[in-house]
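Structure first, commentary second.
For clarity, chains are labelled A, B and C in written order, and residue numbers in each chain start from 1.
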Amino acid sequence: MSYDFQFAFIFQHMDQLLWGALLTIRLSALSMICGLAVGIFGAIVSIHGSAPARFAVTSYVELIRSTPFLVQLFIIFFGLPAAGVQVDANVAALVAMTVNLGAYSTEIVRAGMMAVHPSQVEAAQALAMTRWQVIRHVVLTPALEKVYPALASQFTLMMLASSVVSAISAEELTASANLLDAETFRSFEIYLIVMGLYILLALLFRLGFWLIGLVVFKRRRRLGVARPRGNR
Amino acid sequence: MIAEFSWDQFIFLWEAARWTVLLSVLAFIAGGSAGFVVALMRTSHLQILRTLSAVYIQIIQGTPVLIILFLSFYGLAIYGFKLPPMVAATIAMTIYTSAYLGEIWRGCIEAVPVPQWEASTALAMTRWQQLRYVILPQAVRISLPPTVGFLVQIVKNTSIASIIGLVELTQAGKLVSNATFQPFLVFPIVAAIYFIFCYPLSRFSFALERKFHAHR
Amino acid sequence: MPIVEIENITKSFGSNQVLNGISLSVERGQVIAVIGRSGSGKSTMLRCINGLETIDGGSINVAGHKLTAKHEHLIELRKDVGMVFQHYNLFPHLTVEENVMLSPRIVKKVATEKARETAIKVLTQVGLEHKRDAYPEQLSGGQQQRVAIARSLAMEPQVMLFDEVTSALDPELTQEVLKVMEELARGGMTMLLVTHEMEFARRVADLTVFMHQGKVWEARPSKEFFSDPQTPEARQFVGAGNIK
């Protein structure tokens, strides 16, 4: 049986899909900023916090990493109203993505901080820096520079995973595709094009992160190397 | 009528979890086999094979699992018949797994030190013999931690199948939650069941990683 | 009034008693060389002076700051005591100038322009002003160590501690660092150096302290010590170093 592929028809509705793509970018970008902030905070607590605080962070990270994102999303979207908090789908999506990304970022940033050689910390202490000054100026910056590729990679994964928030009808690319599908019933073409859009988004994110890396990490830009060699 | 969250509901969740396990196992076996082929293609000395497999991996890794699932679900609908959700989910998870495991295993094959290739070449082995007796056994050891780690990803991603109606654990959770109006009770329990599967696997992968590094 | 007064300090790592009752007095402007075998406790003693290691017993008075088994005010103390490490420990993500400016800026709250002036001054002192914008990895070991010295000097310390600062350097590079240290000594800086450079110790240090098994075995003017070590352990150690 032959099938009438109607791609042209879909391209007429391209603006709907492109708008969805823009929403995905916005949602992802917001969750990355918030998620990274959570991650840095979590990493610092997991190294310098009190025993109960460290336990709390570890539990948070392990719980998120061992449960599906979709279930986390449902707990936030369906669960919170039951506890009296009103949430709209987009907000729930952002919160779920932030919570999820925050856990993975905590792990990644923590690994970066642990990789800073203790002698760096000693040198900073010998220069009379307080604990917070040491963390901020001598540990965090090299740590973030070192784990930047891992963070960028995790962020891109989160962008792809954001398609799942369509399950609660939050607004992004997959949800736009679902709407278009309900209107036109051209499922296969729609999702094929959407697949292409996501691949493009993933490439766009990779490029974006590379550029951001050049801007933020001055040393990289000047020396053109991924990370410093030698010198403890 | 609001149902009570009783023992029956709890059992219902566990019964649905069997589908989660089944889907995961099928995805791992089928996806693993395909992934093995992909990894071999990625490390072949034929440029065309390397390129084809690289493109395949890039495409799949750049696509959300949900989209792969929709394509697999709606893909055969163009021929008129609706694919049962379990079949569509298995196909989608297999494709997803094959790309990721293929890439992971490629890395493991490449991680086997070059001198191993040189030594086995010097002993007049053919490429297949090298792979079979020297390289792959070492690659397998290297691959154990990340492979077990990815298994966790597979289990978590089976939750996507709920969106096309497969009654695995997440979907069962939704159904029970709708019936009992207690999402704040049901979904954490669902999460706990996933945790019971995934956390030990995660620790196992970590332990394997430690054991492996202690060896070297 | 000695600027550094170490009184009977003890320290152990687990069951290993590393410092067995060390006492030492340093006057302002003196240069003290501390020598001895690895494991004799010399680096540990040095690290106790700026609080990187905590002492189990005894007390240390440095530039008016007191350290006991429960020390406080380490930040204040460290503003007056600089330390240079064996492996330089420059901050790899900062340029040379930024490395030197960092602590004065954030600890002593010096304005950026003033901090930069000081940085240029100390970098010129060690002969590396022209490398201000380089990153540590672009410099040789000797250059990095000189930057490390400049970095400590920028804090205007009253006492400088040197922990085997030439041990990780190739012989050609050692000289440039020793030259800087000698100039510093001539300029009147109070210095304690743990070193294996016997010739340097003999020539530049006012006092040489020989440590062995966690105790001070000898503490005498350098020229006397090296020409005639009194204890057999010292004689054996110095003899192994071939000093005339």
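Brief remarks on what is shown
The rule we apply is simple: contacts are C-beta pairs under 8 Å (C-beta built on N, C-alpha and C of every residue); 3 or more make two chains touch, one makes a residue touch a chain.
Please read all numbers here as calculations on a predicted model, not as lab measurements.
Distance from per-chain Cα centroids to the pooled protein Cα centroid is smallest for A. Chain centres here are C-alpha means, and the one lying farthest from chain B is C.
Taking the mean of the C-alpha atoms as each chain's centre, chain A and chain C sit 46 Å apart. Chain A and chain B have Cα centroids lying 21 Å from one another. Each chain gets a centre from the mean of its Cα atoms; for chain B and chain C, those two points are 56 Å apart.
Listing the residues of chain A that touch chain C in their complex gives 119-120, 122-130, 133, 137-138, 141-142, 145, 217, 219, 222-223, 228-232. Listing the residues of chain A that touch chain B in their complex gives 1, 3, 62-63, 65-72, 74-75, 78-80, 82-83, 160-164, 166-167, 174, 177, 187-188, 191-192, 194-195, 198-199, 202-203.
Residues of chain B that touch chain A in their complex: 58-59, 61-68, 70-71, 74-75, 77-80, 152, 156-160, 162-163, 170, 173-174, 177, 181-184, 187-188, 190-191, 194-195, 198-199, 202.
Across the complex, chain C meets chain A through its residues 50-52, 74-79, 82-83, 85, 87-93, 102-103, 106-107, 135-138, 144, 148, 151-152, 155.
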